[in-house]
Amino acid sequence: MARIELINLEKVFGEQHAVRALDLEIADGELLVLLGPSGCGKSTTMNMIAGLLPPTSGSIVFGDREVTDESPYQRNVAMVFQSSLLYPHLTARQNIQMSLKRSGLSKSDVSQRVTEAATTVDVAHLLDKMPGQLSGGERQRVATAKAIVRQPACFLLDEPLAALDAALRMTLRSELVNLQKRLNTTMVFVTHDQVEAMTMGDRIGVMRNGGLEQIGTPNDIYNNPESLFVAGFVGSPPMNFFAGDIETVDGQPTFVNAFARFRLADAYGQLAPRSGVTLTVRPQFMRIVSEAGEGTVPLTVYAIEHLGNESVLIADAPDGSKVRAVVAAGFEAKIGQALHASFDPSNAGLFDTKTERRVAQ
Amino acid sequence: MSNLQFALLVTVPVLCFLVIVVAYPLGYALWVSFHEVSFFGGYSTEWVGLDNYVAVLEDGDFWRSALLSVRFTVESVIFTMLIGLGLALILRDLRGRWVWLRAILILPWAVSPYGTGILFAFLGRGQSGIGTAFISLFGSEETINLIAANIVVEYLALGNAWNLAPLLAFFLLASMMTTPSRLYDLAAIDQINRFEVFLHVTLPPLRFTFFVFTCIITVLSLKQFDYIFTETQGGPGNASSVLTYQLYKISFVNLELGLGAAMSFYLLFLILAVTLGLYFFWGRREARNA
Amino acid sequence: MREKRWTIWMTLSVIVALLWTLVPMYWTLKYAFETHSEIAAFPPLIFPPNPQVAAFFNIFGHDYTLASGQVVKGSGQAQQIMLGLRNSLIVAIVVTIITTLVVVPLSYVYARLEFRFKTALLMAVLLSVSLPPVSTLIPFYSLYVQLDLVGTLTGLIIITLTITIPIVTWMLIGFFRNLPPIENLARIDGFSKAYTFIRIIVPMAWSGILVAAVIAFLFSWNEYVYAQVLVTGSRAVTLPAAMSGFLFQVPNPEHLAASLTISLLPPFFIAFFLQRHIVEMNLSDPVR
């Protein structure tokens, strides 16, 4: 069990700055998800926590112990790799035992620990099979058993579910969270799937270009994204963006572009006029109205996706950008039909287009 | 232990070995190529500068052999590609109780070059060869000699292809197996004929294998000596006296070691130039697409 | 109808391929079962009229009595053939063992680890692939004269290793590249580089290593040029060099054919066994 702290961590591969000036603190027993597109440095960060990659500079602390120069084994971390990598020439049991090979435990202790771990993740009946004979989900469980048998200081999981089908991913997702809470062990989970991140993490760290873009609870990340990148990366269906400027109309700061104007929420009461801003609205907050008026956007219907309990309307704004709105299940519209949409200004976010940062209220 | 240390630990002994047994003879050959070596009246050497290199270039036989080498190599590559592809298609379609035939079809690969030379020497000779035996079935008393001056290089290339094609076929088969079967379903839906399926579905993933083997077969054919030595000894006359054979004659029969060494460096340059050329004009493109 | 036509085409092409493969071998190997006069017959015989195995006894020095009562004398070269068979086996086995021991760690390092000077070091090893044996023969010969290695098995083994090591390294690098990133798993489990290599990589890569060993064996067993120059006529003669006596010094097709048949047997067994493993090596990726 350990608190993990990364201090000013950097990793440079030749010309490429894979991780830059990363400061991160992971609490004891916390499940932190590192989320980001491929190449954002999340796997590199995880490999440095594991001790597989030496950082170019900066330090890593487990509890009160500096571990930057320690080997993975000395750090006592357990890791599950992409596609739940196992030794292909060893049975499931031998694979799990390999984690204890250097522990110095007696044979009977080892076998007892292996059985316990296998029972915990429900693979006791598969112990004598080879990895090639196991299904994707079974392999993932064996890899998990191999990780927990060590009773490690922390679990590191590098996209272990990426190769599995959607239904299985959902089952294993909750299993992993349940297991982590029961064992109360620190866990770092790397993924590029924002749904996985939202559903599993105590906190989510969104990474981009080797830096931490934002870190916070799933709630924070979803409702108060600090940058356009986070706003666009998290949430389904994805966020709507409107580009425009801020002007003062009737003494009130107002968002204006070629086809729409929205009065900003009262919280922005003192905002001075400025150009180059982006207004963001979640599709869930968009309302379809039949009449144009103050604070509406003219739209042309492009497609409707029926999800059963609700539908997603996808429409073209006059500048060609796509706008999505979550509508009631019975909603009908013809493709090409003209509509209008509006929303409550208090649900909109405001960002500087150039810096991509949230505009202070 | 760092990666570099581990790498040096296993590389350095091998490198030392190769340096001693390969670089030394190579350096020695370089030294010899600048000397005239004579054996009569005692072994003696005399520094002659670039004379040997110039003499080789002025030697008509050298140019004739070089052309023969190129002809043999180009034909070997073409024959091996065509036959290897044909064999691969057959290997792929051998299913169920006929799978064991695969083992037979790759047997020629296990025959050594000198063995192949012996086999094709007896197969091609006018007196004892298969051509004569075949037409005698129709009552003819003619002889058909496949090792005749005008076609001997083609015949040699064909035997070389016999020896090498199964290996290519095997690697082609392996690449074919990785083509997703969905692509064949797609082709069936598009209702294209077997030839078009072959052209658009089967062939494209094999291009990298073709490139690699063009290089391998080019190098092997330019280096080829034992096969030609046992099959034709450069004959009839000197109709199949390729560079390696010419080199053998100069060095071992005429004992003109300096001249031979100079010529062997031209051969080495030819091999390196052709492989580099193949890489730059073909390989880089394939590597990008792969 | 279309299926049927395809089957006929397929059958025809299989027959053509089998003829192409087997006829060149058959044509010479049948001499081993014929007598001198049958071989000399014109037009050439397509099948041996009275197949017999005299040549196989002759090449090992034994006389053989035909059914007709005629006695076929044992070959004067028998000693060379027997020596050759023994030496070829020794050379091939030693070369195979040394090549495998050297090449497996070497190609693993180049395929899997990142370190400085990697390309330069690799090029140095691989450059020797493109050297034509004919052009290094003379220098080798003079070197061997000085070292007193002419006509010795040790000399032949050393020279054969310069051929097998680069080629087999080249082939194995591709194989090791395709293995999953198992080293990281081993590091998490706390294993050293040496332990990981010996206890995890080697067992995992078993089929590839087997193929490498077989290729080394074939190259060594089939080597002729160096043997012809370095060991012909000596106590260290190998089978190919001994056999060429029937081709050049004392032309004798039935003995040549018989010894060629014998020399083909080990490669054939190996090729047969190898084809199953090559398929495995390429197609059954252990994890994905």
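Note that the chains take the letters A, B and C in the order they are written out, and that residue 1 is the start of every chain.
The criterion applied here is as follows: a residue touches a chain if its C-beta (ideal position, glycine included) is under 8 Å from a C-beta of that chain, and two chains touch if they have at least 3 such contacts.
Labels paired with UniProt names: A = Lactose/L-arabinose transport system ATP-binding protein; B = Multiple sugar transport system permease protein.
Model, not experiment: these values are computed from the prediction.
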Chain-contact steps, minimal, separating chain B from chain A:
2
Just list the two chains that share the greatest number of C-beta contact pairs.
B-C
Greatest Cα-centroid separation from chain C: which chain?
A
Nearest whole angstrom, what separates the Cα centre of chain A from the Cα centre of chain C?
56
Mean-CA-position distance for chain C and chain B (Å)
16
Note: in the complex, chain C contacts chain B through residues 10, 13-14, 17-18, 20-25, 27-28, 31, 39, 42-46, 102, 105-106, 109-110, 113-118, 121, 124-125, 128-140, 142-143, 158-159, 161-162, 165-166, 192-194, 218, 221-225, 228-229, 240, 244, 247, 253, 256, 260, 263-264, 267-268, 270-272, 275, 278-279, 282-283
Sort out for me which residues of chain B touch chain C in the complex.
1-4, 6-7, 10-11, 13-15, 17-18, 21-22, 24-26, 28-29, 32, 83, 86-87, 90, 93-94, 98, 101-116, 118-120, 122-123, 127-130, 132-133, 136-137, 141, 159, 162, 166, 170, 174, 177-178, 219, 222-223, 225-226, 229-230, 244, 247-248, 251-252, 257, 260-261, 264-265, 267-268, 271-272, 275
Over in the complex, which chain C residues touch chain A? Could you list them?
180-182, 184-185, 187-191, 200, 203-204, 206, 286-288
Within their complex, chain A touches chain C through residues 47, 50-52, 71-73, 77-79, 81, 83, 85-89, 98-99, 101-102, 131-132
